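Take a look at the following structure, please.
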C-alpha cells in the first residue's frame, strides 16, 4: 500500500547552517525586533505558542515533514541534528496530535538541540517544563501517533504559514516564532542591532512623558489626511 | 513499527440492522422532526454539511474508525456493506483530509449503499454530485490519504459529537445528520409521525395569521415570569 | 430560579421605522454599495451567510435578544412585527442552535415580514428555500431549543458584531448583511445612488481595457511611496 | 487614495468619566460579580484573555477604532488619556496583528493609564509582564503594523462583541472583561456590593456541607418540572 | 412551555465506582501514559485545558448533561457526589458560558470531590486557583447562566468528543483529560505500569546519546519503505 | 509614516509562464488528480472555496502580496496580467476583508485573466457569478478596503498554506486549489494522464461489483498487520 505522504521520501544529511554569532544575536534581540528588522516578514502564525512562559531560543532549522498522526520521521531527524539546531516539524495536512514527548526531548537534548517548533501537538509538557526544553506548538495534547508512513527530513517545508528551509535561522520567544533566511542572518542581526539602539532612546523619551505624536512628528501628516479633533 | 490507532483492529462482519420500514419513515420525516421526536438528542455537530443542496438519506450505519490521513479501513468496510446501509466514518483524531472520492462511491453504489457520513474531508464532489451520491462531511478537500495503518469496522464510534453503533439508523438532509438507536427506530418513527400530524394543523393556523403566543397559550406564563410590555 | 438572561425582560410594542422608500432603495443598491456609502461601517460579521443563493432583502429591524438555546422570545417578537420588517435575533452568549424553522417563517410571512437575520442557527432550510423565505445565519442546524427563559424584544442588541437598534434599516444579500441607522437611511440611500452612477462609467471604461491605475490616477502616488518596477 | 476606514476620522478630546470611587469599587468586586450585578450584561467575548495570570484593572474607557494592521490611531489616543483611564482598541475588521508593544505601554504608563483592552494582537509580552502592564487581547503575536490610515478616538466602538462608549467603566481580571455604562457605574457598584455580602454567607454554608439544593430551595421546583430520581 | 433538553430528565443516585487503588495509580501514571496503555483511546478533545499549570487529578466520573446557558443540574449533581469523585459536565449543544464558579467549588470540596471536567466555560478562576481546585474546561469566561431547564445526572454523556459513563475513571493533567471504562481501570493501570517501567530504561539510553533509530530498530524498515538518505 | 508591509515594495513586470498546453491539460484533469500526480503536494488549505458550484480554471499565477485591509496592489497587478493568467492574492497577515469585486473582475476579464485565488474575502459575488468569473476565497464579505500601503507583485508568496511563485501553474475546481511548479507542469500533466487512464479501468471494475480489497490486493497485507475479522 502507499506509505508515504510525498512522492520521494528523503532525508538530507548535510545542510549548511547560519553563522553562529548571528544566530545568537538574533535570539538576544527577540522575535518582534527580528521580524521588524527584516521588513516585517518571516513570522509564523499566531497560534504557535510556547508551552511555558519566558521560553526562548534561537538556532538552525532542521526541518521535518510528517504525515498526519505519524511521528516516525522525527526519529529519523534526531540523528541529523547537531548542537545549536532547532527541530522544526510540519504535518502534510493539519493535525493536532501529540507527536513529541519527553523521550524525544531527552534524545534531542543529548545532542545539544535548543528546542522544538511544531505545527501540531506536543505532550508530556509538565516534564518538558521541568527539563526547560522549550517547545512552540499549535496544541498541547496527549493524542498518540503511529510509525507507519514516511515523510522527509531537511527539505523546505511550510510551517504555520511560513516557508522554512533547512539551515534557516529560527528565533522564538513569548511573542511567537520568526524565521530568517540562512544567508540573511548576519544582515538581519545587524539591522536588529540598529533598531534596538534606536528604541532605547525612544523608550526614555516616552517614559519621561514625551508623546509619540511629537517624537515621530505625526501631527502634520494626520492633519493632512483629514483627522479632525473635537 | 506500530501500525494501528487502536489496540485491537477488528472488522465485524455481521451486525443487526434496524427495521427497514422504520428507517424509510425516519427519512421521510427528516432530521429536525426525528431529532425532536426522540427528545432532542442524537444530532451530529453543526459543521456536518451536505455536498449539494437537497441531499437526503436514511439507512443503517456501517461504522468505520480510521487513523488521521489513512483511508485503508474504508476499503475494508465496503465489503461489509449491503443495500440500504450508510457508511459512517470517524477519524481517531481530527482530520480534514479527502478520505473518499468517486471510486469509493462507485464501489458503494454497486452495493446499494445510500451515502456517506464522514467527520473528515471528501473529494471529487463534482462527480459525486453528478452521481447524486449524497455525502455529509466536515470539509471538501482534495488532500490525499495513505493506506498504512489499521482502524476498525463496525465498532461503536464517536462521529461529530455523537456515539454511533453499527446498525443504528442514520437520517441526513439539509438540516444536518441525526442518529437513532437501532432498537428505538420504530418508536421514534411513530413519535415523529405524531409530531408531523400535529404540525400540519399548526402550520395552517399560523399561515392564517393566528399567533404562536395564542396557539401555544404562552401569554400567561410570560407574564408570570415577569415579561413587561412597553 | 432565575429565568431571564437580563435584568429587565421587556418587549417594546411601538418603534419608529425608517422611510419606506429609502429602505427599498437601499435594498436595490445592495450590501457592498450601502456599506461603502456610509463610510465602510455597519457590516455584520463574515460568518453570516444566506441559506440559499441570490437571497436578498431590506427592511426595518425588529430586534430580539434570546438566551442560548431558548427561542421563546421569538414568539413574542412575531406579534410586534408588521409588513416590511426584518426579524433580527441575537443570543446573549454564542449559540448555534436551530432557533427558527418553517412554522415561525409561516407565521412571519403571514404578517408580511421580509426575512430573518440570526446570529445563531436555523433549521428546515429546504422548506424555507421552497417558501423563498430568506435567512442569514451563523449556522444551519436542527438542534432544538426550549421555551423557558426570557430575553427582550425591540431593545438595542449586538448582532454578529454590529449594534442594531429597533427600527434600523437592514439590507442583506449574497455579500452579507449591513445595518443603517434609521435616521440616516435616506441620506445613505442618496450616497449609494451617487456611488452607483459613478460606478457605471468606471465599469465601462475598465471593460474597454482602461486600467484602474490610470482611471484612478494612482501611478504617481505609488511611485512617491516607493513602489519599484522591475 | 482612500486612507480612512470610516467616513469622518475624528478624535474627541474631552469625554465624561465615571465616578472614580465607583470604578475603584467595581475593580474590587471583579468581572464575574459586576457582570451579574448589572443583569448578566456587558461581558466581552471569551477569547479576550490576560497576557499574565492575576492581571486585573478597572478604569475609564478611552476608545480607539483602528484599521486592520494599522496602529496609527493608538498614538493619537495616547495624548487623550489621563490617569485612571483604560485604553480600549477595536479594529474595523477582524485582525490579530501586534498593534501594541512595550514602547506604547511605556508612554501610557507615563500618563497613569491602567492597562489595555484590545480586540487584536499584542507583542513584547515578556516586557509588558515585567512592567506589570496588564493587557487583555485576542492574540499574542509579533506581527508589525503600519501607520498609514485613519480611524477614530473616543467614539462608540464594538469591542469583542460589546459596545463601549468613551468614558464607560471597564473592569478586567482572570475571568475576562466587562463594561459598565458610565451613568450606571455607581448603581452597579452598589448592586455588586449587595451580591458580595450575600455570597459570603452562602460560601460559609456551602463550605460546611449544606447543599445548594437546600440553600436555594430548589427541590420543589425541580420536582414540579419533572426531574425524576432513580 | 418545554423546559428540558431531553425527553426524560433523570438523576441517578447510585452508581458503581471503579477500584480506588486503580484510580489512584492511573492518576500517578498521567494522561499520556494511560491513553497509550489503553490502545490510544479515551482522550478528550485538545481544547480541554487546565485553568492553572500542574493541575492533575484522577477520580470516578459523576456525569451531568446541562442545557446551554443553564447550570441548574450541576446543583442536583453535587448531592450525588462523594469523596474521590470528579464532576464531568457536558452541554446538550456547544456553549462557553461560565457554568461553574467558586461557590460550587466550595460545595464540591466540602464533599471531597477532586475537581471538574467541563466542556464549557468556568469562572472565578483566580479563587479556584487559590483553592487549588483543578478544572479542565473549554473556556474561561464570566458569562452567567440561568436555572430554568432540566438535564440529567449520571447518564452516559459525550464530553469533548468522548463518551463517558457514570463511574468511569477520569484522569487529567497538563496534557489533557482521558477516560477509562470503569471495568477496565485495573487492567489499564497494570498496562500503564508496564509501559512506565519500560520507558525508564529507554529514557536512560536516549539520555546517554543512543538513537531511537537504533533503540527501536527502525533503520531496516525505513529502508524497506523507500527512505533515501542524501 | 511607514506605508509598506515589506521592506522593498516591488512589482516584477516580466515573469516566465508555464507551457500553455500543460496548463490546459492540468485543468482538464482537475485538482484531486493533479494533487495526487505530483506526490500529494501543492494543495491550498481546505478553507479555500469557490463562490459558485462547478467553477474551475487553470492558468499561470500572477502573485500579489497585500497588506491587511488594503487592496491597492491588486490594481498594480492587473496591468501585469495577460490572457491565461490567474491572479493569486495573499495578505501579509490573516484578513477576511472584501478586497475584490465586480469592477476589478471586469478589468481582469478585459485582459483575459481566468479567475482569482485569494486568501481573504471577495464581494459582489452575485455579479461575479453572473459574469461566470470564478473566485476561490477564504470568505465572502462586503467589508471595504483602503488604498494606502504597498505590498508586492510577482514575488513568491504563501497563499493558504502553500508557497506560490509567479508563473507557477494553478488549478482550481470544486475540490479546492492546487499549485504546480512552473518547471514541472508538463511532467505533472503527463503523470496525471497516466493516473486518469489507470482510474478508468478501476472505475468500471468497481462499478461491476469487484471489491477494492481484491482489485488492490489488500487482503494479505491487512492480515499481516493484524486485522481480525469477527
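Letters A, B, C, D, E and F mark the chains in the order given here, with residues in each chain numbered from 1 onward.
Rule of thumb we're sticking to: a residue touches a chain if its C-beta (ideal position, glycine included) is under 8 Å from a C-beta of that chain, and two chains touch if they have at least 3 such contacts.
Because the structure is a prediction, the values reported are computed rather than measured.
K.L.:
Tell me which chains count as touching both chain B and chain E.
P.N.:
A, C
K.L.:
Residue numbers at the chain C-chain E interface: does the shared fraction exceed half, giving same, or fall under half, giving different?
P.N.:
same
K.L.:
Identify the chain pair with more contacting C-beta pairs: A-F or A-D.
P.N.:
A-D
K.L.:
What whole-number Å value describes the gap between the mean CA coordinates of chain B and chain D?
P.N.:
Those two chain centres are 42 Å apart.
K.L.:
Averaged over CA atoms, how far is the centre of chain B from the centre of chain F? Could you give it in whole Å?
P.N.:
Here chain B and chain F have centroids separated by 31 Å.
K.L.:
Mind checking the centre-to-centre distance between chain C and chain D? Centres are C-alpha means, answer in whole Å.
P.N.:
27
K.L.:
If you look at chain E, which of its residues touch at least two other chains?
P.N.:
1, 3-5, 8, 40, 46, 72, 92, 94, 96, 143, 147, 149, 216, 218
K.L.:
State which pairs of chains touch, listing all of them.
P.N.:
Applying the touch rule to all chain pairs gives A-B, A-D, A-E, A-F, B-C, B-E, B-F, C-D, C-E, C-F, D-E, D-F.
K.L.:
Give every residue of chain A touching chain E within the complex, in rising order.
P.N.:
3-4, 8-13, 52, 72, 75-76, 78-79, 96, 98, 101-104, 106-107, 109-111, 121, 123-126, 129, 139-144, 147, 149-150
K.L.:
Which of the residues in chain C end up touching chain D in this complex?
P.N.:
1, 5-8, 38-41, 45, 92, 94, 156, 158, 161-163, 216, 218, 221
K.L.:
Quick one: in the complex, what on chain F touches chain D?
P.N.:
Its residues touching chain D are 1-5, 67-70, 72, 92-97, 143, 146-149.
K.L.:
Could you list, by residue number, the parts of chain A that touch chain D in their complex?
P.N.:
30-32, 35-36, 40, 43, 46, 49, 53-54, 173-176, 178, 199, 202-203, 206-209, 211-213, 216, 218, 222, 225-230
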